[in-house]
Structure formats: C-alpha cells, structure tokens
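Following are the structures in question.
What follows is a pair of complexes built around chain A, which joins chain B in one and chain C in the other.
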Partner chain A sequence: MHTQKKEKQKKQLKIIDMSNEHKEWPLWEVFIRSKAGLDHKHAGSLHAADAQMAIENARDVYTRRMEGISIWVVESKHIHASNPEEADAFFDPAQDKIYRHPTFYNLPDELKHM
Partner chain B sequence: MTQVSFEASFQKKIDEEIMIEPQDYMPDEYRKTLIRQISQHAHSEIVGMLPEANWITRAPSLRRKAVLLAKVQDEGGHGLYLYSAAETLGITRDQMLHQLHTGVAKYSSIFNYPTITWADMGAIGWLVDGAAIMNQVPLCRTSYGPYARAMVRVCKEESFHQRQGFEIMLNLAKGTPVQKQMAQDALNRWWAPALMMFGPLDAVSPNTAKSMEWRIKRFTNDELRQRFIDVTVDQIRLLGLALPDENIKWNEERGHYDSSELNWDEFWNVVKGNGPCNKERLATRVKAWEDGAWVREAASAYAEKRKTKKAA
Partner chain C sequence: MSSVTTLKYTLQLADNVLIMGQRLAAWCGKGPILEQDIALTNISLDQIGQARSLYQYAATIVNNMPAADKAQLFNAPLLQEKINNKLSITEDDLAYLRDAWDFRNCLLVEQENGDWAYTVARSFFFDRFQYLLYTAMLKSTDGTLAAIAEKSLKEVQYHIKWASEWVIRLGDGTDISKEKMQHALQARWEYTGEMFTMNELEKEAYNIGLGVDVSQLQQTYQQQIETIVQEAGLQMPTAAWMQTGGKNGVHTEHLGYILAEMQYLQRAYPNMEW
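Moving on to the complex of A and B:
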C-alpha cells in the first residue's frame, strides 16, 4: 500500500514536471557596466521568474570576480533586432561615404594639431 | 537564394572565419551538431559538480573548502553559459534537461567515476580540468558566436581550477609516504579516463570530419590527446610521482610521447551507461529537479502575484 502511494506521488511529480515545460521562467538578457565611465555591455542571458531575481542571478553568474558595478536586465522578448538577411542592403548607405573619415582628406604634412 | 546558394554562402563565411550568429542561415546539420555538442558540454558541467560536491563537507581545511565551493559554483555557472548558448539555436532549457534526465543526452564519461579519496580532488582539478581546458581553448574560436563567447568566459575562470588541483597534488606528493601514495593512486586511477575525455580515436569518430569542415572543432581528438600527454608527463615528473603508464616513452622521431592504447571497450561501456556511477549521478540530478519543482512554481506564482498587484 505504502509503495503504491509512493508510486502515485512519483507519477504526480512527473506530471507536474511535464506541465512545467510550458511555463519555463522567462529568458532575460544581461548587460553589465564593468566600471564607472563605461557602457553597459551584453554579458549573456539567464532564466528568472522576475526582474529582481534576474538581477540577483546575474550577479551570481556574471560578476563572481568583480566584473561589474551595475547590472541591467531586460526580458529577451522585448529586444528587437535588425534582420541579418537584409544586412547588406540595410548597411549599404554607409559603404560609399569614405569622406566621413578624417583620413579621406589630403592635407600637407606641415599641418600640426589637426 | 536557393538552398544550394545558401549553403555555399554559409561555407564561404566559415572559410573566411566570419562567425555565425543565432539569426544567420545555417544548415540543419550544423544546428543539430551544435545543439548536441553544446548541450552535452552543459550537462557535463552540471553533472561534473557531483563528484566534487562529495568532498566539500570533508575538505581538510577551511581554505580547501572555500576553494572547492568556489570551483563547484563556477561549474554551475559554466553550465548556465552553455545552456544559454544552446538555447539560441532553438531548443529550450527544459527540453535539454528532459533529455539529460531521460538518458537521451550524454555528458562526459569522466564524471561516472567515483571520488574515493581527497587526492581525487587534486587529480580532478589537475587532470580533468586540465583536459577540459585543452579542449576548450580552441573552442574559444569555434565558428558559432554564442558558443565561442561562452567558452572565452569559461576558460578565463577555469585556469584556477587546474592550478588548485595541482597544488593539492603537490602538497600530497611532498607529504608523508601515505599522502604521497594517495596522490599516486589518484593519478593512476584518473589518468586513462582523463585521456578518454578527448573522445574516441579519430579513425572511429563519426563527427570529426564535418566538425572540422565547419570549424566547430579546430583540432582532432587525437591531436588534443597527444598534446595533453606531452605537457602532463613533465608535470608528473615535477610532482615526483611515477608515470601511470609504463609505455610512456619519448619518441624522438615523432617529437611526442608514445603511450599505451586506451581501453576503448571500457570507454564505450561507460558511455552506454554501465560505468561505476552512471545510475547514481543521473538519479541525483533527477531528484534535484523533482525536489526543486515547488521552488520553480512558487517563484512563478510570486512573480505573477506581484505583477497583478502592480497592475491594480
């Protein structure tokens, strides 16, 4: 009887597990500022139930060796990205405008401090 | 573009050393190979916590205990970096865990061996993490961006793992005769399994050729294994321990150490689930997952409750 009960409990646990597959904690992207004066930089991602947990987990996972002084987290689903398949056309406008670079201009060597 | 031109432009990128990122086109087989390799790697980090966790409460000093805790915590983190990298390929975390728990997915066979003395903590850090680093350093340049970035992080952190292991071995080797014997015994037991970590011989490795072509791998199993033997033999001498294989001999012509053939029957037997600790390791992981179910649910419920409160 006792073992039967245990088996039943076990089965129930399995069922809970399966249903859990549909409510995985959401995915978060983690951004870390390594020191004052620098930008936050993408460090990686993790799962967490809410923002606070995401920040605490990010601290434990991505700053174990003092890699950061500030953490941003954003749910991955809120990130919008440019389409890599259209990258060539998308970034094309910058391709033929080398005059935007200082080295484009022919100036005499005697010119200093410019 | 046709399928053929997609694949041609993919291979061209690979050949030009341009990294592949999650949203880029990739052949199905490339994606599948990566999911298999990265998730196996992640599972190895997670299961790899178990043999060492066995000694945390019995570490011989507070210093050793703090170090071992930090190492095991790192491994949990490494598992997470790798799971995250695999998730960018379209598999979910729960699917991967399900594959681990049902035995569909594999993890490194080395973790199916028992840790019976404290010297095993030294041998694991030195040899097992050493072999892992030898494998992982070239993976920092693997062709899939998220995997490469995860490996950079892992390699940075893993260096102390190997050094603390060597330090344990050094202290034991310079200790009492009994301590030295303990170190020798650990070396003898872990040597062959560590060499097997590099995978089957190239001649019978089904995935090597394609993985090299796709630059997922940069060196073959045999190349990395030989490199590991070459650097480790000198380290064994530095410890003042006896070589664990009587056939280790410098080969002038090859410029490498020769060594015994490994027992590949044992390797495949452990891969198939019949190693000394396969069942125990898997049972521990499944129990942790099931015992943690209420925590996962409670956290979700709490987050949901706060969300509705905020909205009200």
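Moving on to the complex of A and C:
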C-alpha cells in the first residue's frame, strides 16, 4: 500500500529532465472560477512540470488578488481548437439567422430581468 | 516590566519573518522560471506582511510605555534618540533604524540563498518551525499575538507545501538534483537547533503565558522533517554541533549585508517615501 502510494507520488512529482529534448516545462491553460455558482473562465497559461505544480503556479500567478475560489488546469496540448481558415464556413452562416435569438417573443410584464 | 517582555518577544518573531522575507525577495526577477519566481515572491510578501503586523504591534507597545521604561530599549542610537525625544515610532522605524545587534532573528533565516536547493532547504526547515510555533501561539495569553498567529497559519500552510514538494521533487528527481538537495539539507541543518533552544527572553515569555516553549516542539518537528526527507528518498541530515547566537543578537556576517541593503534608503534619505 505504502509503496503503491509512493509510486503514484513519484509519477506525479516527476521532474522533467532538463538536459534532454524537454528544454522547457510544458504549457498549461488555466481556468478560474471567481465565485460559487459561476463557471470557470480561461485566465491564461503558464509553465509547470506537472498538474500539481500547474495548479500551485496558477494559484500564485492568477489568484493573488482574490480572483478565484477554484482552479482547473489542462495541458495546452490537449486543447483542440477550430481552424481559423474555416472561420467563414463555421461562423458566417449564423449571421443572417436572427430568428435564433429569442427577441421575437412578447414577454409578460411580470417577467423581470430578461 | 512585562510590556518589555512582550515587546522583545514580538520583535524576535518579527525579525525572523522580515529577514526571511528579505532573503526570498532577492530571488525576484532571478527565479529559474517566471512562475516559481512569483511563487517565491508571494511567500516573501506573506512573510513581510506578518512582520508588518508584528512591528506595528511592537511600535504600539513602545509608544504606550512610560518614558522611564523605554529609556534604554535599543542599542541603535538613531532609534533610541527618537524614542528619548518623545517621538512616536512606527513599524518602519523598527525595521530600518535598528542595527544588527538589535535584531533577534535565528541564524537560519539570514543564511545565503545559494542555489535553488539551498533556498528550498532553508524554507523547508524554517516554514515547518513556523507552523508549529504559530499553532502553539494560538494559545498565547496575548490576544494580538494569538490573532497574528491565526492569520499567518493559513499562509504558512502553503509555504510548507511549496517547500516540501520541492524537497521531494529534487530528491526524487535526477542524480544531480538529488545530490544538490541532499547537500543543501546537510549544510543548513546545523542552523535548525537554535530555533528550539530557549533563550532567557523565551523562557520569561513562556512563564507569563505569552510565548511558546519551543523546546517542546522539537520532537514533532524532527518527525515531520524526517517524513518528507524519506519520501524524497534522501538521508536525514545530521549535525555534530548546532550553531546558535542569532536569538541573542550574535549574528553571522550575512546579517550586516542584508541590513545594509534593506536599510540603505531610509538611512540615506530619512522618511523617504515612494
């Protein structure tokens, strides 16, 4: 049991071999929840050797001024993005479909904050 | 006379965190990686913040003392003159106008940054102590000190985490990082004994319920240090002789240089602000 825990820790806290091809620590994207009930928002990115260090670095870099109560990190290489070259086909068709906005409904007067 | 004890005890606590914070601040802009640079300066600012709370309290004690009691508090002429001229003193006066022999920080915190492993080792040894000290200080009969301890504990918990993880990371890393970490632990260990050796002031403070009996913390400290050292795959450091002196005002040569840099501006341009 103890050795298992140690193995796990070893894996988690593995130091990146700076002498080889990994000249730099990997890049991580940081998401911060500013208060309970709100969603995590992308705050920026940083370098860290592993997830644990990434969370702690994020704490130091992005929550120094009480910006957050919860942190998510994900290694940047795991983020997949839409292709900018396909932006026209992706996003332009939505431009002339204003009926998709819920602006054509008559709201009852009793309904506030809409 | 117990207000003099409270004053001196508070100053000893403050000096430890001020000098430690000043040492870590020297890493600002020189960290091995931006994120760790910020981590260290955050810790530094936590410690300087703790020092400020303590110096503010100390300044209040001095200002409220009867003139006769404070006629010979400090060796530093600049500060003592100010007090004797019936001027109020501030936290800054206590940080900037005292000389090395008035400082009562332990020798550990004034040791040089060295390489990354040395910086980690010093913080590892100091932060563990601070945690035990502040935890015990929650029971102080002095409400202000208990409150400062409570506020600081949350910060120190994070400092411990930071230092411990680096000890494990380096110890459990490459052959070179392991060797450097082992070497740093060994080199700094001889400064840890002083933290648990009660000086006259601490005995007095403990007897009136103000301070902590640090000698009672040593066993727990050793166990906690050993747990992390083992986890890091390192050898527990040993010392044939523990260095002492700082808590009684007898410092290594390093403190003078630290103060020269830290106090220069206020000495050259008194009351300068920016």
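Just so we're on the same page, the second predicted complex is superposed on the first by the 80 of 114 C-alpha atoms of A that agree within 3 Å, B and C clash if a C-alpha of one lies under 4 Å from a C-alpha of the other, contacts with A are read in each partner's own complex, and residues count from 1 in each chain.
Following the convention adopted for this analysis, a contact is a pair of C-beta atoms (placed from the backbone, for glycine too) under 8 Å apart; a residue touches a chain by one contact, two chains touch by 3 or more.
Just so it is clear, the structure is predicted and the values come from calculations on it, not from any experiment.
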item	value
Partner chain in contact with A:Trp25 - chain B first, chain C second, else both or neither	both
First (chain B), second (chain C), both or neither touched by A:Leu46	both
First, second, both or neither for A:Glu56, with chain B first and chain C second	second
Which superposed partner A:Ile69 touches (first chain B, second chain C, both, neither)	neither
Which superposed partner A:Glu85 touches (first chain B, second chain C, both, neither)	first
Touched partner set for A:Leu38, first chain B, second chain C, both or neither	neither
Overlap of chain C and chain B interfaces on chain A (superposed complexes)	13, 17, 25, 46-47, 49, 53, 60-61, 64
Residues of chain B touching chain A in the complex	21, 23-25, 70, 73-74, 77, 80-81, 84, 87, 92-95, 98, 149-150, 153, 157, 289-290, 293, 296-297, 299-300, 302-303, 306-307
Residues on chain A engaged by chain B in the complex (per definition of touch)	13, 16-17, 20-21, 23-25, 27, 44-47, 49-50, 53, 60-61, 64-65, 81, 83-85
Touch list for chain A against partner chain C, complex	6, 9-10, 13-15, 17, 19, 25, 46-49, 52-53, 56-57, 60-61, 64
Touching residues on chain C, where the partner in the complex is chain A	33-36, 38-39, 42, 161-162, 165, 168-170, 172-174, 177, 231
